[in-house]
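Two complexes follow with chain A in common, the first pairing it with chain B and the second with chain C.
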Partner chain A sequence: MRNNRKLVVLLLAMTMIICIVGGFNALAAGKVTIKFFSNLPDRTAGMGKLEQFLIDNYMKENADINIKVEALQDEPYKQKFRVYTAGNQLPDIFAVWGQPAFFNPIMSSGYAAELDPDDYKGYDFFPGSLNGFSYNGKLYGLARNTDFMVLYYNQKLFADNGVKVPETYDELITAAKAFRAKGIAPVAHNGRDSWPTNILYQDLVIKESGDQELIYKAIQQDIKFAGNEELLAAAEDLKELVDIEFFQDSFIAADYGAARNLFGQEQAAMYYMGAWESGLGSDENFSESFRNNVSAVAFPGMKGEGKGKSTDMMAWNGGGYAVSSSSAVKEEAIKLLNYIMKPENWARYAWQMGVAIPAQKYDQYMTGKESKLQIRLSEILNNATSISGTPWNDAATPGFKTDSQTIIQEFAAGMKTPQEFLEAADQAAQKAQQ
Partner chain B sequence: MHSFLQNRKIIFMLVFPGFAIFVFAVLFPIGLSIYYGMTDWSGIGSLNFIGQENFKNVLQDGVFWISLKNAAALAFFTVILQHPLALIFALLLDRVGGKSEKFFRTVFFIPCIISIIVTSKMWVNIYNSQYGLLNKVLELLNLGFLKQQWLGDPDIVLFSVILIMMWQGFGWALLIYYAGIKGLPEDVYEAARIDGANSFQTLFKITVPLLKPVIMVNVIWAVISSLKQMETIYLTTNGGPGNASQFLANYLYIKAFNSYEYGYGNAISVLFVIVCLITVLLLNRVFKTEEY
Partner chain C sequence: MGQLKYGTDHDFLKVKTRKLTPFRVIIFFLLIIIAVFQIFPLIWLVDFSLAKDGDLFGPRILIWPDKPQFENYKIAMIDGKIPHYLLNSIIVNVISVSLTVLFSVTMAYAFTRMQWKFKNICFTLILLGMMIPIHATLLPNFTSFRFLGISNSYLGLIIPYIAFTLPLGTFIMTGFIKSIPRSIEESILIDGGGIFHIIFYVIFPLTKPAVITVIIMTFFTTWNDFIMAATYLTSDKFRTLPFAVYNFAGQYASRYAVQFAVMTLVALPSLILYIILNEHITKGITVGAIKG
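Our next item is the complex of A and B:
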């Protein structure tokens, strides 16, 4: 017994000594540690590489700062983010999506630190790009990129099969039918994720109505989904796309990687996806033939009076950063955020490395060495005459996001008629309004 | 010894650790779940007490019942397809003997030692409509008309995922039956042989009745794991298309962690525990009445 007691005393003493020594070490170094929580786990390519590059530069310039990065893929990131918020232990600086379904609960519950808009006067953010990062007139985060949907296509597949690259919606349907007739999947689509189908539906609504606000009015229940002709017309368009096998077989079960690979391996002629895939043209995992032939067009508009054109675009500002309001090093974290988002840092390198289209003015950083795809995407964005804002599934509560994604998947899988889909959308919107 | 066990302090000391673990690891979380189930907590920020509202809503939630129905379907197919097959293979394995017995025993058990992530993703690829093995094999065999969108068609997706789960669990079922068969007394079989019983009679009059305790454990286990199913669904279809292949554990996860309806998710989990308890009670009763 006595021996045991000695052992316990010894263990406690050692623990104490280790703690004290550790503490002194930290003090001696005098370093401030900033915890950085990122949704970009690949630190060797794409935006993750850029983020790490800027973090490393900041540490070089500020010897007293140590930045500890924790990075996870989107879904695990969101799960862990929730665990952190539940325990009120959010890291000092973290990635957010500037969309009501994700960021509103964080801003309204006071987890994000308020930022001073005056700090960003020279940052050249595009008008409206910080809307999703603001709540009750106060700013809580900064946007990283401009996200917009395009139709990537494989020039070689179009040329080899004598199909015209679509400029109008009718030509898109014709092209899809032509590819189907030749046994090629017209469009690669990740229906398992649901959100691309939600976005496509909204794009069709814009093209049917020429009205960017229509779908948001329906979510607010100022109008009904089920009673509106244009919302119904867009649903019928989507049904037609499914019926003519516009997407690859079993697209409902395909996840992001599966759809992307199908297009990259030249098994599908087109790919409806966001501009964040601007790296497709330099992805070494795909053949040289693909890399040389990938291009993009805006999703075509409809013909007729009052209809949306291809320049009425699905575009929004999604990813960005915020700082924890309970951070012990809040001031330092905000300084780091401001450094990363300086136009000569994020906007410049994001454009020049070809990893994203920034949410800030970037034309002063054009070098003439950009890839063809990058230039093409930039042209499409510059030609936009109207932009949508947050995709409708992300534009209300998290519950609405789940519901709207489930019903669009049921609709695309043929489990609901257009009318039933619209009625279900009304129900989801009403629930969200409560 | 007798006085030792009558000492209250000693009884307390012996019982307390186990009891404490039970309280903190089982009762306390269930209690907490019931409490959260009665709130509108989103998982973030403040919460309001709303009484039985969530529980009422869960019982009126179509997806809750679809998930239960799917679990019942999985349990049903596991019991009527996977288990008889596992039993037959266990018997055959026992008959084979020697090196091939060891070999096949290992082969059958391999799916169980591979991570569920790997086997689930493998099956997603097998089912793939463009390059998947299953459709390609059907084409090769001139059975192209049988080709399906295995995970994309709401009418067949449930059967596709049930097949995956049966495949994943087959090794366990077989191993338990095999162990049971190995433990059967040899003399009963000798006596049967002397009495002139044929192998059919031996199987149904001796092996199966003697294996009843093993069958009971195996079936209860299969039913409970069908109810609890989560990983395979999460990794293959996430309950889709729509909720056609939804299971309770996955649904409550979606509600609590994607929809930020943590209170509602907890209400589902409480009802889920009740369903599991009722099922076990019913199964125990079924097996009890057949005991002799």
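Our next item is the complex of A and C:
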């Protein structure tokens, strides 16, 4: 009997000891501690590796600074972010998406610290790249990369099947039909994620109208989705693409990895995706034949009725960083942010490591060792005559994001006609306006 | 000679096994199909963990890599910090599971055998806990834990884990304890034993199948939990195994093959525990059946 009592007491004592040990950790060391909240959990590859590399360098150079990184992937990140904001306990520096659906509520409620634009005069940010990080004329965050959509394609599949690389929209349709006839999936697409389809629709709107502002006007409800000819024409284009089996079979169920691998395994001729996939040409996971043959073109413009050109690009600045306004070490956090985003740090390494296309000027960091694909992407971006800004699904409220992604998926799955899709978009936009 | 031997062996087998009627053949066939479907996800998991990222999601269901990528496991162990997370998982799980079992047995005993004021109200309140979704508690718990200074410690996981598994544990145990005849406890009291004697020498052994059910249930809930751990912990120091998968998640594409290797390693302890305890459950139930 006594033994059993001891056991109970022991268990309770153990619990208390663990509690105390846990509590003491917070008191360790007299350094300045900066809490860094990142959405890049993989610290050994890609942008996460670069982020960690710069953080480590900063700690080496500043012995009195200790940086504690907490990294979670997108969805858990957003969930925890909500918890942090609700308790007004945001970490000192954190990753943000410079898009109204995510960043506007944070800027307008004063969670993000204001930054001094004069600090960034020598940082060579591309014009307009900080728009999504500004609110009421004040700057609250910095962009880390430039995202733009291109059509990756496999040169070998095009050559072997005698198909011309599309320069116009009509040629794109012809190419898709030719690949279908040969039993090859023309375009790998991750329909399950729905945002690529949203972006494709906006790209089609740009190519139909030549007007980058049109879709945003419709979201503001200055014009109606349902009443506009060009918005309708783009919806009909998208329907046509689905009807001619432009995408691989059951693309609606394919997620990011599935679509990417389909293209990488040379089973799909093209892949509509962002420039962040610039590493495709050097990814050891794919065959050498693929790596040598992957290239990219801008999504072709319309001929005849369409007014947009292939240089009217779907491009925006998504990811970036901001500093918490309630941080106890705000000055130190801003210094760290400024260090990371210095052109010779972020822009240089992002380009040279091939992990992203920076949002800052990076020509001076060209080494000549870049992959062909990287150079090609760089050319496409340099040729752009107009850029869109935030994808339309991210351009309003969080609720609009959900609604617009649901309706585009229903539309792509054939559950809605173009007209019904546009009417549903109007409803979603009205809801977002209220 | 040899023929004769075969013959006798055959006869011997015939006596032992039942006749292979068409009906039994169909049953066996169906069972084999079900078994294959049951085991397939595990085979698939191990198979993909030995492939290269680029080979996944291809036209074939299973992949035969030219060279099995054991490298994936090495990366999983080192970059995924599996040993570190495993230790944390074990500490958190052992404490949560043992305390849940201890509390649910003692509480169930108090609810079924003892007479006290507000007994029924307390019991209902405990059971109401089953209806509270985890997500609704994340924010208030986060704020309170932060206030108490335990948001970054093992305790910040152990407390909510026990809180969420205790109601169901207590519910299962009360049902079981009710079925135990009071006369056994009375005989202990006559022999001069106390309440601890009753609980540890009578209730625990007799409710073994129920205790094992509670252990398995609690273990799987706490072993697989990610959302609570992701919310209450900020430091890498206390992170548990489910985080290892996310250490290979990129912003867009992830290192899928390594993630499969991580998942294989994470699933292994649960699998072993299930195999061990599964036997105990069957044993416990049959023992009870003979006694009854």
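To be clear about the criterion, the second predicted complex is superposed on the first by the 403 of 434 C-alpha atoms of A that agree within 3 Å, B and C clash if a C-alpha of one lies under 4 Å from a C-alpha of the other, contacts with A are read in each partner's own complex, and residues count from 1 in each chain.
FYI, a residue touches a chain if its C-beta (ideal position, glycine included) is under 8 Å from a C-beta of that chain, and two chains touch if they have at least 3 such contacts.
From a predicted model like this one, the values you see are computed outputs, not experimental measurements.
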Chain B versus chain C as contact partner of A:His189, first or second or both or neither: neither
Chain B versus chain C as contact partner of A:Arg144, first or second or both or neither: neither
Touching partner for A:Asp249 - first (chain B), second (chain C), both, neither: first
Touched partner set for A:Gly87, first chain B, second chain C, both or neither: second
Partner chain(s) touched by A:Gln79 [first = chain B, second = chain C, both, neither]: both
First (chain B), second (chain C), both or neither touched by A:Gly399: first
Partner chain in contact with A:Lys207 - chain B first, chain C second, else both or neither: neither
Chain A residues touched - chain C or chain B, whichever exceeds: C
Contacts of A:Leu262 with chain B and chain C, given as first, second, both or neither: both
Touching partner for A:Ala413 - first (chain B), second (chain C), both, neither: first
Residues on chain A lying within both footprints (that of chain B and that of chain C): 79, 82, 86, 258, 262, 267
Partner chain A, residues of chain B touching it in the complex: 42-45, 124, 127-130, 149-154, 157, 237-238, 240-244, 254-255, 257-261
Interfacial residue positions of chain A with respect to chain B in the complex: 78-79, 82, 85-86, 105-106, 108-109, 111, 185, 191-192, 194, 248-253, 258, 262, 267, 397-399, 401-403, 406-407, 409-410, 412-416
Complex contacts: residues of chain C adjacent to chain A: 52-59, 79, 91, 95, 98-99, 102, 138-139, 142-143, 146, 149-150, 152-156, 158, 193-194, 196-197, 200, 226-227, 230-231, 234-238, 246-256
Chain C-facing residues of chain A, complex: 1, 4-5, 8, 11, 14-15, 18-19, 21-23, 25-26, 35, 39-48, 68-70, 72-74, 76, 79-80, 82-83, 86-87, 89, 91, 256-258, 260-262, 264-265, 267, 274, 276-277, 283, 285-287, 319
